[in-house]
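Chains here go by letter, A, B and C, matching the order in which they are written, and residues are numbered from 1 within each.
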Amino acid sequence: MRKKSILFVLPAFVIYTFLMIIPIIGAFYLSLTDWNGISQAYHVVGIKNYIDMLSDARLRNAIMVTLKITLTVSISVNVLGLFVACLLNRAGKMINALRSIFFLPYVISTVAISFIWLSILSYTGVLNTILNALGMGSVIADYIGNAQNAIRSICVIEIWRTLGFHMVLYLASIQTVPEELYEACTMDGGTGWQKFRFVTLPMIVPGITISVIMSIMTEMKQYDVVKVITNGGPGYSTETVTYNIVTQAFGNNMLGYSSAIAVFLFAIIAVITIIQLRVSRKMEV
Amino acid sequence: MKKRMISALLASFMAVSMLAGCGNSAPAADAPAAATEEKAEAASDAAPVADGEVTLTWAVFETDNYTAEMWQTIIDAFEADNPGIKIEKVLMTGDSRPQFLKTMLAAGNMPDINVDPVDLASTDGIYAEVPEELLEKYEDTAIATYNGKHTLVPAYKAYRNQCYYHKDQFAKAGITSEPTTWEEFVEDCEKLKAAGCIPLMGAGASDIWATSFGYWTGVANSDIMKAYPNFNEQILNGELSWTDPVIVDSLTKWQDLINAGYYHPGSMSFSYTQAQEEFKNGATAMFMDGAWATAGYDAPDSGFTTDDIGVFVVPASSGAKSYCTMPQYWGVAESCEHKEEAFKFCEYVLGGNPEIYKLYLKSDATYSVTKEPVEYEMGPVQTEFADNYKSIELVPEIMKVVGDTAMPSGFEDFTCKSLQNIFTGADVTAELETWDAEMKRLLESAE
Amino acid sequence: MANVVNKKEEKKNLPLKILLVLLACFFALPLYITIINVFKPTKVISSSPISLPFPPIMDNITSVLNDPNVNVFEMYKNSIMITLFGATGCIIVSSLAAYYIARMKTKLSGFLYVYFLFGLMVPYVIVYVPLVTMFNKLHLTGNLPSLIMVFVSGSISFSVFMYQGFIGGISRELEEAAIIDGASSLTIFVKIIMPLVKPCTTTVAIFIGLSMWNDFLTPLLIGQVKTITVGIYTAIGPYASDWGTVFAYVLLATLPVTIAYIFAQKQFIAGLTAGAIKG
């Protein structure tokens, strides 16, 4: 076995170190300063930024909004995704065509998707126009300018965008379940529900875990939809953690503080990733 | 051998990524190596002098009012009168104009002359000091001072907003004259509502500035400036609080209008352009909109005349007879290599050639700040708009004050968001308490 | 396979199929709305948003293409450059690195594996502020090569991880035979390994290519480079109430990807799900 030259690694190492690792270290350092991004001078303030985070109501709100979106979307896409996957699994020849339709939104850019939905959900948009035409003027609502509705709208868009992806994950999982297990269950007199409950579900636990983690990770970093649909508004009602970091840094010139929030988000995501890597390795048996 | 192949591979990859660039001659694979080349390029970019000809870059933005043709007319006129100086237009695009300028500054490509430079002006060393003899041409009140320096050229003043209304809807509701007191204004809203019209249009959604535009800039600003003529100074040094009764009272009156159902139910979901479009289509009877909107109603093909559209100053509940203005400026970048020519251009457009200055002012319905006022022929709606201000005192807009008593960066956006909260039902006093906290926080971080 | 069912069951599934088709139609509604409304004037869109466009008009698209301030082709050019060179560059450097890491069982290669993997845990937003600061200091902001390198760096972790796993699963026999024939490591890599890892390359190319094409925040914050996503975002601003124009922009932004997807559905779906599970 001949030795491979370390030069093989060099290009990737250099690019990755300069543009990924050094900036991350930079973020840790900046989070300990009060730098405003413009002036030359700044001070090292230790963990002051992290202490300030504890009393920051706007950040607390952003965390709550992010959790709300994450929880709603994760539960919905996983329940619906599994449900549609089960139906689709029995659809015979149509399976591929339908799968492609459900998956399409996941391929399109989130910004474009947000504009499509903006045209639907806007007060004078498609949805309200249809409701009006159907004589259901009384249920017309403001889906963007009302705090509760705005966050629901964000969730609906995200569910629509990612459902196909999770459905495909579940479909792939379900198709690995050996047919003999179903046959055995049928012979024991199992009903359709029992087949699902006692055969499918236990067999796809790793798939469920992956799918749930994926949806959590995606929503924890939510930015694009919020940016286009509401800009975090009305007020702060749809401001997510990532949105908060970006506005603190590039709008308020608080680069030190925003870095501290980013480090905090990093810690959370890192924990979830470690769990994900553990689980996905187990899946590859 | 191996080494050579790897480096050949690496080099070809670099070449590939180079081709993607705009003639950048540096391999961008690792940052420091590229940096030196980049600087050299930036330097050669800044001074493309050929045969004694000077080229200046000019950052502008385009709207329905500030059209590409208008900027081109200005450039053509200047170049014709000043052979040897070329003006190259740079369009400010992207998420926000300050953000665009910050990016250009960072990239070493700061345009030589900027319109709308206010956000960057508080940082020392970005804009060059304006020659005294140029500043002398402008009204004293328009001159901005940062740490004792004058780095901005006054460009114009903009009257902020008044209330535009559809005359047919007023007639339908039996309203015969424009309201002159707050009580009359509220009564008119009630009459309109009773007649089946929606009285007021608001805006929000992703245009957060549009939420403050209207009541906050139009009415609350007058209330505050009447009570505290030196408001900015006092609020910044801590003598006043945002929870001052005057402010609480004014914003509570606004919230009362919203609670009474006078605003269009979709207000918060409309961007500014949507809101204006809806108002023009007659969705609501009134819309508090900017002075620039007059240009749209006076345009020959607008379909509106003064028979359809009227405009009045919303009477403040405090009885304040003041109205807010916002000065606007141009800046010449410190990095500009031909400052003399750049200031010459500023002088030429901003008063030196009255015809060009008129064109610039008329486009967005703004007003001259030169000591010798420059006036242009106004359309009927704009005439009405301007006439409304006679006998009313003009005061600065709190959030747009320029110079040492300017609000900290990011604060205006914060307040707009808070106003959205108030619009959607948040407690006024509790919201204003957050203004105090946020202002303190931003001031501390700016030090 | 569970989806192999007998004829009797096929019939029983008819209601289920109808339900699924209805569901798919409902799901596709937003896309239907986009496509039909591109060809209608805005006035008609607001009054009857879901009717078919008769007669279809091209005004929305031509007005977007003729807008003097919006250069759609420039945006396409930027996006294509970024995706093409970003993905190619990332695949070249990552597969090389992964080859070394997969084949060398030294402490160094173990460390490098963990080092590259670390990037997978990072929410990219943490990188923006320091990266923008660094680029500003070095005057690297606002040009395409810088942005391409940023995209390459952002996808290295994922690509190294994917290639390392794939190459690790390839038997060494072929390589050893080639070594006996006197081939150099690079020749072996190019001639033997790369053809064998083609499925992995497809997955990586689709996964990182699509994420580069669709990315919004990175080109917006790092130099405001007008890619198609940033471009439509900024272009739509003044036309927010003109739905015809909005839909035209949306269509232009999504068309290339949608066409690619239609022709390579299986690869897209497999690539994106495999990439997501493993990365």
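Just so we're on the same page, a residue touches a chain if its C-beta (ideal position, glycine included) is under 8 Å from a C-beta of that chain, and two chains touch if they have at least 3 such contacts.
The structure displayed is predicted, hence computed values, not measured ones.
Interchain contacts join each chain to each other chain, per the touch definition above. Of all chain pairs, the one joined by the greatest number of contacting C-beta pairs is A-C. We define each chain's centre as the mean of its Cα atoms; on that basis subunit A and subunit C are separated by 16 Å.
Spacing of subunit B relative to subunit C, judged by their CA centroids, is 37 angstrom.
Within subunit C, residues 92-93, 134, 149, 185, 233 each touch two or more of the remaining chains. In subunit B, the residues that reach two or more other chains under the touch definition are 2, 6, 13, 29, 31, 99, 274, 278. Shared contact sites, meaning residues of subunit A that touch two or more other chains, fall at 5, 8, 11, 15, 18-19, 124, 227-228, 250.
Taken in their complex, subunit C has these residues touching subunit A: 1-5, 9-10, 13, 16-17, 19-21, 23-24, 27-28, 30-31, 33-34, 37, 46-50, 92-94, 96-97, 99-101, 103-104, 108, 112, 115-131, 133-134, 149-150, 152-154, 156-157, 160, 172, 176, 179, 185, 189, 210, 213-214, 216-217, 221, 228-229, 232-233, 236, 243, 246-247, 249-250, 253-254, 257-258, 261, 265, 268-269, 272-273, 276-278.
By the touch criterion given at the top, residues 5, 7-8, 10-11, 14-15, 18-19, 34, 36, 38-39, 57, 121-124, 142-147, 227-237, 247, 250-254, 256-257 of subunit A touch subunit B in their complex.
Within the complex formed with subunit B, the subunit C residues making contact are 68-69, 81-82, 85, 88-89, 92-93, 132, 134-136, 138-146, 148-149, 184-186, 220, 223-224, 226, 230, 233-234, 238-241. Taken together, the subunit A residues at the contact with subunit C in this complex read 1-6, 8-9, 11-13, 15-16, 18-27, 30, 37, 84, 87-92, 94-96, 98-113, 115-120, 124-126, 129-130, 133, 160, 163-165, 168-169, 172, 174-175, 177, 179, 182, 210, 214, 220-221, 223-224, 227-228, 242, 245-246, 249-250, 255, 258-259, 262-263, 265-266, 269-270, 273-274, 277, 280, 283. The residues of subunit B lying in touch with subunit C in their complex are 1-2, 5-6, 9, 13, 16-18, 20-22, 24, 26, 28-29, 31-32, 34-35, 38-39, 42, 62-64, 68, 91, 93-95, 99-100, 103-104, 106-109, 271, 273-274, 276-278.
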